[in-house]
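Next, two complexes with subunit A in common: one pairs it with subunit B, the other with subunit C.
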Partner chain A sequence: MFAQRMSLQEREKVLGLVLVTPAVAIILSLILYPIIYNLYLSFFDVNPMAGNTYVGLENHRNVVTDPTFWKSVFTTIVYVFSTTIGTTLMGLLVALAMNRKFPFRGVVRSLVLFPYVAPVISVVFSWQFFFDPVNGIFMDLAYDKLGLFSSRFNLIGSPSTAVWVAIAFSIWKNFPFSYLMILARLQAIDETLYEAAEIDGASGWHKFRFITFPEVYFVMGAIILLRVIWNFNKFEEVFLLTENVRVLSVYTYYKAFVGTMELGQGASLAVIQFILLIVFILFYVKRVLKW
Partner chain B sequence: MVKKTSFLRKALFFLLVLSIVLFSIFPFIQMISISLKYPAEWGDPSLIPKNINLEAYKELLNIGQETKNVPESVLTLLEETPDLSEEQREAILSKYRSTGDVFPFLRYFLNSFLLSFFAALVTVIFAIFGAYSFSRLRFPGRSVVQRGVLFVYMFGGILLLIPLYRMFVSFGWISIPQGAFVSLMIIYIVQTLPVSLYMLGNYFRTIPFSIEEAALIEGASRFGTIWRIIIPLSSAAIGTVFIYCFMIAWNEYLFASVFLKNYTELYTLPMGLKALFTSKNAIWDRIMAASVLTATPVILLFMSIQKNLAGGLTEGGVKE
Partner chain C sequence: MKKWFSSVVLFIFALSLVWAGGQSEAPGESEETVSQEVTIEFWTTQTQSDRMATIQVLVDTFEALNPNINVKLVAVDENDMATQINTAAASNTLPAIIESDTESIVAFGAEGLLNSEAISGLIESIGPEKFYRGALSLNESAEKGVYYGVPYHGWVQGIWYRADWFEEAGLEPPSTWENILKAAEYFYRPEINQYGILVGTKAEAYTEQCFTQIAMANGAQLFDAQGNLIFDTPEMREAVEYYAELAKYTPPGPQTWRARDYYLQGKMAMFFYSTYIMDDLALESDAQDSLTNSNFADLEGKSFDPELVENTRVATTISKTQEAGYGTILSFGIPAHGDELKTAAAVKFLSYLFTPNAYVTWLHMAPGGMNPVLKEMAVNPRFQNDPKGIFQHYGKEKMAEIIQGLNSIETFSIVEGKRMAAASTIYSKQIIPQMIYRITQEGMEVDAAMDWAEMEMRKLME
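Showing the complex of A and B:
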């Protein structure tokens, strides 16, 4: 009897390992190994057709002494900061609105999710058309109707204005995620808290400040962290909308795959980008989430 | 007095909801509107087309394109000479058939579909076994696997792109079209597997073990219980994970653009649309019609699983 139970446990152990092995093997060989391999490649002059030549820290040195790299770091910081704040606040606003009862709420709740689920490629052209200097509605409003500008121009054409379009696009695309997370938390708040506050004569703002806000604080902290991680690495949402905004991912893509393919420098850029992200996460987790 | 302010509040709230909805779906409305407008109307800010133009959709879906570029005189000639054989007619018409500037939308659609479907299928199969293993069976290293799965949240595609590209080049897969296509499929599997494992693992834990226990006592094997109990009980969750994987692959551009760069006939929809836009054929009605046709399947799929997915999202189960 005892021996049989042992063998049953043993069998379970073996079966567990057998079943999980394919998944783990795939993750180890195609995620973990490439990350280490990327670190290795960053010390080499990489030529896909011929071999790799060891160059030490030359790639890293080339990257950090290039002023366009620092410009792209700055663009990335502006992009990540604005989009994170924007998506979170927009998500909060929409969640507060959707938490109330109103007619057709079900339909409205699913329409609001459309930007998040539609493929990036299928919505960028509509945004480009919106800002198109000749046909777009934006210029029609801003120039013809309101007279804000002295001429029609392409807002997506120059890097300094295109970054703001990219930020607006990202907020539009991603706010539904923040909204869903915050709404889930809002629905879990005990109604009696609000009733008690009303009896005590609390105003709408006070109810938000002293009941709602403390309840959603940690959810917001978590979605801000996720948003920073995701938007820091974001490629498609920027590159497909406009090729003028060189955030770090786009910068790396150009370095590694366009023109003289500098794969070694690309690898070194990816390492630097990863280190920047880790530093931020450690700081944020300690300071804001107070873990 | 009280009534008046509450009416004002209601109106303001209604306005807020309306502007949220408009903000969310305006680009979609505009997309449909432009895809149906004639070029002369593009500059008109009104969203309702005066005349409906279906030419863009017909061209993308290859409907009625056979005689489009054939001159009138040739068509009447063909009609007036009924004694021509089918082959002769075909030969005359094929001279006028344009090949270069037609956008092979259907082929890109098929490429995207095959890639996404098989990647999602393989992911789901691996994920079912993997997730079952670490949610039900005890083995050394179980918790490491469970937590390690989420570690992948930290890595964006760009960090993996260069090493994976270098690896697949050295396998010699990128230099042949089939190899490049399969490499891309493997990459989509890898990218969706961790989150699928996590989502399914969470779901399997909610199925009471006693159901399985009964089957095991009756003499069913572990595989038998997975096949007869776990899979049927979690079919909704498995469907959701499948569609999630499908959507990730359907939307992906970065890896596709690097791996399939040299194989125009293998382009996925995102690559094809981008190429169409950069080429001289960039005509707004075609671009917008292609956008509508690319977004529609994804939005329909999403509507079908909305309830489950929204639950999964709030459990932190979705990676971008």
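Showing the complex of A and C:
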């Protein structure tokens, strides 16, 4: 029939289109549509009961003139910057150590992955118990046993210290991913390179600086990019551990769904967050990854 | 071969579209009777697994009696109820029944989210005169005889305190502003890990519950009888300042009801709590999860103190310029989803929950914490003979006093007998807890925080 009149190449083409259609449809309906609808909502005063009223750029204006928004941008930058540097460096160090030969290396290598695979909620509870001001082991050690502080305090609950706990938590939880990627790359480096360097009289630092580092540079570059994207949008790790760290995603949640629900401003915040991230990615891909 | 393959893919794709399209149910095909098969969702704030299990038993029994009705039990945290209901309303997926604190029920009702006709009909069929007047009137709308929800059970709040410590120190019971502050200051010894009092400092419902009683004792109100917002009064300011002062003697950082554990471990002198605490005080098995784990032998407060129940007393009222009691009635509401079949099924299920067997089973989930709102149930011998032996432990008189307390609960949302719906909205949006959090944790000045709170309240009332 119809199909027989087409050439083999044309039929291949049609089949290809048919095969990608479901995926395209899913992406369009589950990713593109929400993004566009969110963009649309950000220009409205959203009221689920009474309907939406068009307000132009007012939501965006309200958001950027609110000092708490800038405070949250600052918190986000501190959080993303510290956790990205932390997870990458920690991952690199652990990978370098795990690349050497020692007894039970296989067991240790898989144990290091534990924080990354453990469910967030269960480790969050352990951390909360750990830092409880009255019953926690941390205060018991640091205050009662070692006398490091003049009084007990709520490290995980106080707004001023909570962000540092959140950062430490994220580094601990996510460094195994960087470690895994870097270790895989390390194992692929040709041993002869090191041997040649040794003959030329290179020190340990020189070997790292001129062989190891260039070899892992692009892996680390990619890991950093991924980590920035993930942690910039991170919600559950921060929110479950402590509600006091208002990174942009948590701030948006509070703005949109808690108290006086400002759904329009929430949408506008999501748009702004999206733009900030896109700008960073474009800059980074061009400058660091040199694509 | 390829043709065959591509048509299979197309078929699967088409099937998924059909399936997705079938997800939304056609509303409004209704019949008065529940002769058709129907599934209703029941949202409860009883999120603990053992309570869920008990409610599930009631649901199963009901389903066995009514084979056409399926009840799907969903647990919703009390602090998330407002968010969940509002989003469900927006997406047209309202449940058939919700169980929540009366303030929230009234707030939802005032927003037009509840079917007050169906609920008022149910109350009429049970008989309004059988309810405790106070519990029922909390559910009443501005129109007499029209109710947003039907009350089911309730608790009374008070300050629970170490009578033995107070006696030793020669301090008066904490039933006045002055005595509370004095004792909180006296027992606050952070150097030995001992704290004066627990008041809520997290932006949560518990904080508002503690604060309301303190503010009421000073005659502070959110609204006057004409419905004008009168938040910025000297009485309210005094209450906020006093509360911030008490917060200094609370364990460090933002705290909520969970910190009552410190009391059970013998590290605190006073704490605000509902009558739900009665079984934890009296029974080792219930106290277990409040004690520090026995795996950490060096930590204090790991074992159950059998004398704690004898050494604990409760002050259910607080006074400054007047006496104030506080508590919460939990009510059922039927959301206005427009599906009459589901509404009829919901009414049927609620009527079943008011039958003696089901009612007693429900209340015995937390003796002391869950008290009946029907007068005849309060004196029902089966109710008074709870399996945990709480009634025996505290004595019938004490229990009767507590249940009586349900009649005199005061809230910001009823002023001189008039319903202030806006106060319930303010409660469900947790404006006051957020204000207290800013003052006690972020170091905001009382003036600035109160200005902020008033601005938010006015925004809500627009």
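Rule of thumb we're sticking to: the second predicted complex is superposed on the first by the 279 of 291 C-alpha atoms of A that agree within 3 Å, B and C clash if a C-alpha of one lies under 4 Å from a C-alpha of the other, contacts with A are read in each partner's own complex, and residues count from 1 in each chain.
Following the convention adopted for this analysis, a residue touches a chain if its C-beta (ideal position, glycine included) is under 8 Å from a C-beta of that chain, and two chains touch if they have at least 3 such contacts.
Just so it is clear, the structure is predicted and the values come from calculations on it, not from any experiment.
Trainee: Based on the shared subunit A superposition, would you classify subunit B and subunit C as clashing or fitting together?
Mentor: Overlaying the two complexes on subunit A (C-alpha atoms) leaves subunit C and subunit B clashing.
Trainee: Under the stated touch criterion, which partner chain does A:Asn244 make contact with: subunit B (first), subunit C (second), both, or neither?
Mentor: After superposing on A, A:Asn244 lies in contact with subunit C but is clear of subunit B.
Trainee: Looking at A:Phe257, would you say it contacts subunit B, subunit C, both, or neither? Reply first, second, both or neither.
Mentor: both
Trainee: Please indicate which partner A:Gly266 is in contact with in the superposed arrangement: first for subunit B, second for subunit C, both, or neither.
Mentor: first
Trainee: Just checking: does A:Ala50 make contact with subunit B only, subunit C only, both, or neither of them? Give me first, second, both or neither.
Mentor: Neither: A:Ala50 stays clear of subunit B and subunit C.
Trainee: So, does A:Trp230 touch the first partner subunit B, the second partner subunit C, both, or neither?
Mentor: First partner only, subunit B.
Trainee: See if subunit A has more residues touched by subunit B or by subunit C, and give me that chain.
Mentor: After superposing on chain A, more of subunit A is contacted by B.
Trainee: Per the contact definition in the header, classify A:Pro133: touching subunit B only (first), subunit C only (second), both, or neither.
Mentor: Second partner only.
Trainee: Does subunit B (first) or subunit C (second) touch A:Ile199, or do both, or does neither?
Mentor: Touch partners of A:Ile199: none, neither subunit B nor subunit C.
Trainee: Contact-wise, after the overlay, does A:Leu148 reach subunit B, subunit C, both or neither (first, second, both, neither)?
Mentor: A:Leu148 sits against neither subunit B nor subunit C.
Trainee: Looking at the overlay, what does A:Gly157 touch: subunit B (first), subunit C (second), both, or neither?
Mentor: So A:Gly157 only meets subunit C here.
Trainee: Which parts of subunit A are touched by subunit B and by subunit C alike?
Mentor: Touching subunit B in the first complex and subunit C in the second, residues 14-15, 18-19, 22, 48, 134-135, 137, 140, 257 of subunit A appear in both lists.
Trainee: Going by the contact rule at the top, pick out the subunit A residues touching subunit C in the complex.
Mentor: 3, 11, 14-15, 18-19, 21-22, 25, 48-49, 133-135, 137, 140, 144, 151-154, 156-159, 243-244, 257-261
Trainee: For subunit A, which residues are in contact with subunit B within the complex?
Mentor: Counting only subunit A, the residues touching subunit B are 9, 12-20, 22-24, 26-27, 30-31, 33-35, 37-38, 41, 46, 48, 93-94, 97, 100, 102, 108, 110-115, 117-123, 125-127, 129-130, 134-135, 137, 140-141, 172, 176-177, 180-181, 184, 222, 226, 229-230, 232-236, 239-240, 248-249, 252-253, 256-257, 263, 266-267, 270, 273-274, 277, 281.
Trainee: Which positions of subunit C touch subunit A when the two form their complex?
Mentor: Residue list for subunit C touching subunit A: 2-3, 5-6, 9-10, 12-13, 16, 83, 86-87, 89-90, 111-112, 190-191, 193, 195, 202-203, 251-255, 259, 261-262, 265, 267, 292, 296, 298-299, 301, 429-431, 434, 441-442, 456, 459-460.
Trainee: Which residues of subunit B touch subunit A in the complex?
Mentor: Going through subunit B, the ones touching subunit A are 13-14, 16-17, 20-21, 23-25, 27-28, 30-31, 34, 42-43, 45, 126-127, 129-130, 132-134, 136-140, 142, 145, 148-149, 152-167, 169-170, 186-187, 189-190, 193-194, 197, 222, 247, 250-254, 257-258, 269-270, 273-274, 277, 284, 287-288, 291-292, 294-295, 298-299, 302-303, 306, 310, 313-314, 316, 318, 320.
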